[in-house]
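Each of the next two complexes has chain A plus one more chain, namely chain B in the first and chain C in the second.
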Partner chain A sequence: MGSLFRSEEMALCQLFLQSEAAYACVSELGELGLVQFRDLNPDVNAFQRKFVNEVRRCDEMERKLRYLEKEIKKDGIPMLDTGESPEAPQPREMIDLEATFEKLENELREVNQNAEALKRNFLELTELKHILRKTQVFFDESVPAVYKSSTSHSSNKYRRYLQMADNQNEDEQAQLLGEEGVRASQPGQNLKLGFVAGVISREKLPAFERMLWRACRGNVFLRQAMIESPLEDPTNGDQVYKSVFIIFFQGDQLKTRVKKICEGFRATLYPCPEAPADRREMAMGVMTRIEDLNTVLGQTQDHRHRVLVAAAKNLKNWFVKVRKIKAIYHTLNLFNLDVTQKCLIAECWVPLLDIETIQLALRRGTERSGSSVPPILNRMQTFENPPTYNRTNKFTKAFQALIDAYGVASYREMNPAPYTIITFPFLFAVMFGDIGHGAIMALFGLWMIRKEKGLAAQKTDNEIWNIFFGGRYIIFLMGVFSMYTGLIYNDIFSKSLNIFGSHWHVSYNKSTVWNNKMLQLSPATSDYEGTPYPFGMDPIWQVATSNKIVFQNAYKMKISIIFGVLHMIFGVVMSWHNHTYFRNRLSLIYEFIPQLVFLLLLFFYMVLLMFIKWNRYAATNKMPYTESCAPSILITFIDMVLFNTPKTPAQGCEVYMFWGQHFIQVVFVLIALGCIPVMLLGKPIKIMQARKLANVQPITGADAEVGGMSNGGGGGGHGGAGHHDEEEMSEIFIHQGIHTIEYVLGSVSHTASYLRLWALSLAHAQLAEVLWTMVLSIGLNKEGWYGGVFVTVVFAFWAILTVGILVLMEGLSAFLHTLRLHWVEFQSKFYLGQGYAFQPFSFDSIIENGGSASGDAE
Partner chain B sequence: MVEAYVPPVIITAIWAFIGIICPFFARGPNRGVTQCCIMLTAVTCWLFWLCCYLTQMNPLIGPKLSMNEIMIMAREWGNEIKDTMDVTV
Partner chain C sequence: MKICGPKCSLCGLIISVWGIVQLVLMGLFFYIHSVALIEDLPLKEEYDSLDEFYTAANSAYNQNAYNCWIAACIYVITLLLSAQQFYMNSRVTAN
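Moving on, here comes the complex of A and B:
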């Protein structure tokens, strides 16, 4: 029967699949997600498996898809994600997919290469354009200042001069006619200077200049001008700032040197005509070519965009398909190939309840593949330990995860998860009890639950958010229970609600009140109405700031112990269920009963004492049951266990609460102490006796040796002779000893450990009160309009601290302590937790993990 | 005196209804777990309320109030301070 109380029954099955049908059947099983395959070829290398080629092809396809994805992301095109999972395609479709991807990849690569070449061309032309523009300035400045200064607007002379310069031009040489040049040229000698023009990145320019100066010994002349707009580098698309430079030199040697230096600094040189007319012609040519290139570039980008948009529509789909194919082939690699019968054999763990569903899926798969032979699912008997499978839904999944984090349950042992659904939020709430903070938590949880579809669809990598979202049901329940315990503690943001009217009244008269700074109400008089506040803590205790903590400490410590002892008894009772299910009669009699008796007689008795004390002692009673005679339960307990004579009580009081208490206590302690040797020795001795009986029957000569065995360790040899696979006697004794000591000492320490319920609730209440007194009440005290502004600021501060410290930090802290209480104090009474989880072959989980299919299916 | 027992009886009755009667109405595939949850909720919540009630039933000490607190109680909760002491033991 399937339920969460125990893990599901599992069966090891053998699956015989015909080779043609294997692919389709595995595909169906993957969609179902209920079968865990075992690796039947564990010692075969990954490269020697049968379907390694197909896996390689899938890897190749995935690589191409990833390349496409990268390009699509670079262009910022949104990828359509319908959330639907397409079915795994047939093997013959795989070839079509491969061809499609190949074509797309090639097209994209070609487009990218073309774009790069075009951009390089574009860059060269742009640089040339800038050079032509800037060198105009350089050549203009070569006009002698004499002409310029006096006749700056006399264009005629200027034009005539230029014509003169033009006429005297030769190929690569220009006449630099400065004043000196004029003087030098007058005797008829022309200074023929060579020049090179080019472009270099701005950062390299100073070093370039220095190098030129040093290498050419100052005989070259460099002019440079910055290009204002940055240019795009074709390879990586960076924007680089460059400068135009022109170098004038004389002679061939300097020319070679200059050219080498330019090469070294990766400056690009361009041929630049010095005649202005040529330059203008060239400039116009360059402009037209740039425009053409721009058009072509635009068209290339459009084409690329179209290709990517078309691919983006199907990309997610393709990813899913490829991953499914890969998963199927990985799984097929786990099978054994039976060559003679041309079928594949698989071994798998299957939940018993789902065998019908799996048979149906297999039949569907065989029909799809068109094979005639039906697959055979055959249950095997095995002594191996099956995996633990707990069928959870979205609500119980989180609680099961909490339990599994400590250890996966052993096969078919009692699962603590269904009880944890309520006890975990409840114990959390005992530590967190505040209506206001509980409301914040509950609303947060409720919001996450209402929006769960939308929030789950946005897959983020933010770990913290994923943890909160995964625990939304836990958070919601914790908040709701905290509101309830907050109502009982009567604490909302450190204030109390007065719903039913306080049952305490002040009966002092005016003069007493005026003359005394502090007055205490007495429960013996009419100060106390006689009946308690009907639901929760009386609101007067929140008003009585001086001794509220004294009263509440006594209360909270008692409830911590009460709930702790009950929780632990619940744990021990769970072990009873485990023993009866596994028919472990020995454990039932010699472990469970003494454990329960020990716990009940000592600690449950203490709980009963608490209830008796609550009932018997009242301020309005006569002696010896007045409040001054109420004995301390802790002292009573200690005296009981240590057999101390109790201290003589005050006048008129008695030591014991009820008649016969001393006798009962002695009896209880003696019985509890008597349980300890039963726990320690009962089971091992019984096992030893059982083995003796089993040994005696076949081997009659062993009687004498058996009789000589001592109670302690020594049965190892004989135990081992007959039963090689069972534990040795000494080990059993040691195990039992450890178990007993752990239980007995643990019962004391765990009971005290539950006092953390008191400690954390006290800390929480005090923190809330500090925030009120030190923050919010100061804000509320101010009057006037500036008081309004002030209280707004103070409220913001208070709200941030409330959410950050009290809800988040205290919440995390209480969560952790509750988890510890469950894992250690509760589960150590019965939980083994030595199973391994059931990991079915499921496409959903593989796709969620995003392509780590290689690890999952093996 | 009978009125003293009314609140505890009502509250116990409510939790008894939730814990004993409601589980019979649980339906669905997770019937067992739902029943378990309802019963556990009822038991723990009722016990928690009971402990608080029992603690305050026979208090051993009374609250210690400052003058301010007494006067605020007088004003807000209608707990008038009389001229003469009104003590009945």
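Moving on, here comes the complex of A and C:
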């Protein structure tokens, strides 16, 4: 029992499984998720294990599934995720699955290949289409341009030529010939003008052009035009922009050179007939072929889509199945084979309380496999430290996670998580006290809790959201507690509520108020009713602008210290539970008792002084106990510890609050100081004596073991942390010395550390007030009717800032400080956190983090 | 008709609800002349007589109360607007 306060009791068990039944049994255990298997052949590498073949086949199947998934995602087909988890299929079904995946993969690959080939074809045709279309334009324009160079000396011919071009616009052949004719008419120039046409990607074009110019010494003529619409690259589906070019040149030498350059720049050349009629014909042919290709491409896409849609329906299911099979074989690989090869031997950690359910699951597994021999679960004796297993539910899980983030508890150590459920939100709320901000936080938490199922179902990779959602119960509790402390501080968005009516009254008459800038209300007179405001701060402090902070600081500082000391005493008392549980008498007497005495006599005494001060001194009391005589607790405490003689008090006052205070203080300090050597030396000396005794009489077996810290080993020689080598005496002394110094100095610094409760609370209240006066007040201070519109705008601004700065940022900072108070100030008093977590073999967790699980299965 | 996206409309929805609740209450507190809110009134630094101060404060309290309620009414409008937007967005995602 007591599983809430300590981790679960664990047992190391040996499990004998018949070879045929092993698969089914492990599958059942995986569904259960309560067994952590140990690797029995740690020195055998992954490739020499028994079921390596099966694991490899599963890997292959997973690869195929991932390929399918990738293709499905590429097409944007929704995958059906029912969230159900089918049972691990029988080993013989694996072949069916493999065949299915093989078929699917091959089909898909074939379709993809076809599609790629078709697309390449399509690309070529579209490029050709563009070439034909663009060259048409080139031929229309190019001739006059070419002509220009040669006609500079015969402008009248050029003019005539232009005329001709106008007339014979539709017949480029004639133009070319015409030009040829013109050129031929020049003496000594009887050359044929050739050309090549092609397509090149746009970014390569300038370099290409330069290269052509240089290599051919400016003897070629390049024209280019952009293809406006991007073309699809068939290999990777990228959109690429390309340009059409056409190069005119003279002679074969230049032709080879140009072709080589084109090749070098990966430009694709296309045959382009010279005759316009041929070109037109070719264009027609290309168009029809493109259309044909389009229909074929469409059909291929349809086919691919059909295949993928069919696969998408089952994909998640298949993934689960394959991962389960793989996990089972991976687990079977951890087992030992016995000599007869008839059964597998496994070792596993099992929670004692669950042995029954595990045996039931094993029996189910045997029945399913049709085996006659039942599996044997056999408890083993071990000296090893068992793993730490804290049962959690959705509520305690987040709190346990906070504790485990510091360190997983040692086996059967006191678990601070249950106390954290209350202390964490409370200490947070002390720093965050504001009804308004608390309400926002609580509503957010409540919304997440109410919509829990829906929100949990839509898994996201948004890390921040996952953190918020994981801590929804913490957030809700923090919000509710903050509303409570906000009620105590009487703060709602930095304003106070006057619910019960202030217990202070203004007794000044109008003229006094009119003539004085500042007035005091004295608690000694009838200004104060004599009884405090029923709950929390009196709202009168809202208008006491000059000494509100002074008053609140005194109050908040004191309660911070009070809470801190109580929290630390609680931590020390927890260590008592640890010592008694581990039967560590030595630590109980020489650590726990002096620690507690030290803390009580010094710091708890200081807390008592605060209460005495609150109780004894009042403005209405007679002289030695009036408010002006109240001593400062801090000064009193410093004088007490340093044995100073206190300063003489004011006239009519007394130094001490009660009779015999000086004597009590001296005695307390002396006892507390006396505790230090006990902590420092008590345990090591006892151990030394015990060892000497053991050397004389080895049979008594008084092995006094000492772990590193408070509850390390068992004084009575119990099995728990038994069998490591005895530490050197000097090491024990050093450990104890460090531990003692840490505790003594720690209790001083930790007490001071709790002042952060006051500091953050003050900062939060001030920030809230600044936000109100600097933002919302501006909106409210507008005169006239348009102020309403102004208020609307300013309010939205103020609301966003409130959520962003005060709730989110301040909340985060208060959260971190609370976390620190728990990890350092509270847990250092008793918590070792040197255990290791129980990681049961569970299908749920394997499937949840699918990718990583397949990673560590290698 | 869709103007803003799902997040924007949700933000508008939340701020509107918050604004309505808080501004109606603040208007109420201004209306009953709550002393805690005196710093938020459009008052001058100095007044010549007590009565003058009282009349100015009283009218400022009432004015601020009405302003808060006006703002709350505006938030009712934005609430309706963003609710309609939210509805449109949720319908689009549902389809």
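Just so we're on the same page, the second predicted complex is superposed on the first by the 649 of 858 C-alpha atoms of A that agree within 3 Å, B and C clash if a C-alpha of one lies under 4 Å from a C-alpha of the other, contacts with A are read in each partner's own complex, and residues count from 1 in each chain.
Keep this in mind: contacts are C-beta pairs under 8 Å (C-beta built on N, C-alpha and C of every residue); 3 or more make two chains touch, one makes a residue touch a chain.
Just so you know, these numbers come straight off a predicted model, no measurement behind them.
K.L.:
Is chain A touched at more residues by chain B or by chain C?
P.N.:
The partner with more contacted residues on chain A is B.
K.L.:
With the two structures laid over each other on chain A, which partner does A:Tyr533 touch: chain B (first), chain C (second), both, or neither?
P.N.:
Only chain B is touched by A:Tyr533; chain C is not.
K.L.:
Scan A:Lys510 for contacts with chain B and chain C and give back first, second, both or neither.
P.N.:
Both partners, chain B and chain C.
K.L.:
Just chain B (first), just chain C (second), both, or neither: which does A:Asp96 touch?
P.N.:
neither
K.L.:
I'd like to know which partner A:Ser496 touches here: chain B for first, chain C for second, both or neither.
P.N.:
Only chain C; A:Ser496 stays clear of chain B.
K.L.:
Which holds for A:Ile559: it touches chain B only (first), chain C only (second), both, or neither?
P.N.:
The answer is first: A:Ile559 touches chain B but not chain C.
K.L.:
First (chain B), second (chain C), both or neither: which does A:Phe426 touch?
P.N.:
In the superposed model, A:Phe426 contacts chain B only, not chain C.
K.L.:
So, A:Val543: does it touch chain B (first), chain C (second), both, or neither?
P.N.:
Touch status of A:Val543: both partners.
K.L.:
Considering only the touch criterion stated at the top, classify A:Asn393 as touching first (chain B), second (chain C), both, or neither.
P.N.:
It touches chain B, and chain C stays clear.
K.L.:
Could you say whether A:Asp81 touches chain B, chain C, both of them, or neither, answering first, second, both or neither?
P.N.:
Neither chain B nor chain C is touched by A:Asp81.
K.L.:
Under the contact definition given at the top, report the residues of chain A touching chain B in one complex and chain C in the other.
P.N.:
498, 510, 514, 543
K.L.:
Tell me, which parts of chain A touch chain B in their complex?
P.N.:
So the residues of chain A in touch with chain B come to 3-5, 393, 396, 418-419, 421-423, 426, 430, 484-485, 488, 498, 501-510, 512-514, 516-528, 530-538, 540-541, 543-548, 550-551, 554-555, 558-559, 562-563, 566, 611, 614-621, 627, 630.
K.L.:
Within the complex, which stretch of chain A touches chain C?
P.N.:
Listed in rising order, the residues of chain A that touch chain C are 495-496, 498, 510, 514, 539, 542-543, 773, 776-777, 780-785, 787-792, 795-796, 799-800.
K.L.:
So in the complex, the part of chain C that touches chain A is made up of which residues?
P.N.:
15, 18-19, 22-23, 34-42, 50, 60, 63-64, 66-71, 73-75
K.L.:
In the complex of these two chains, what residues of chain B are touching chain A?
P.N.:
Touch list, chain B to chain A: 3-4, 7-8, 11, 30, 32-33, 36-37, 40-41, 44-45, 47-49, 51-67, 69-74, 77, 79, 81-89.
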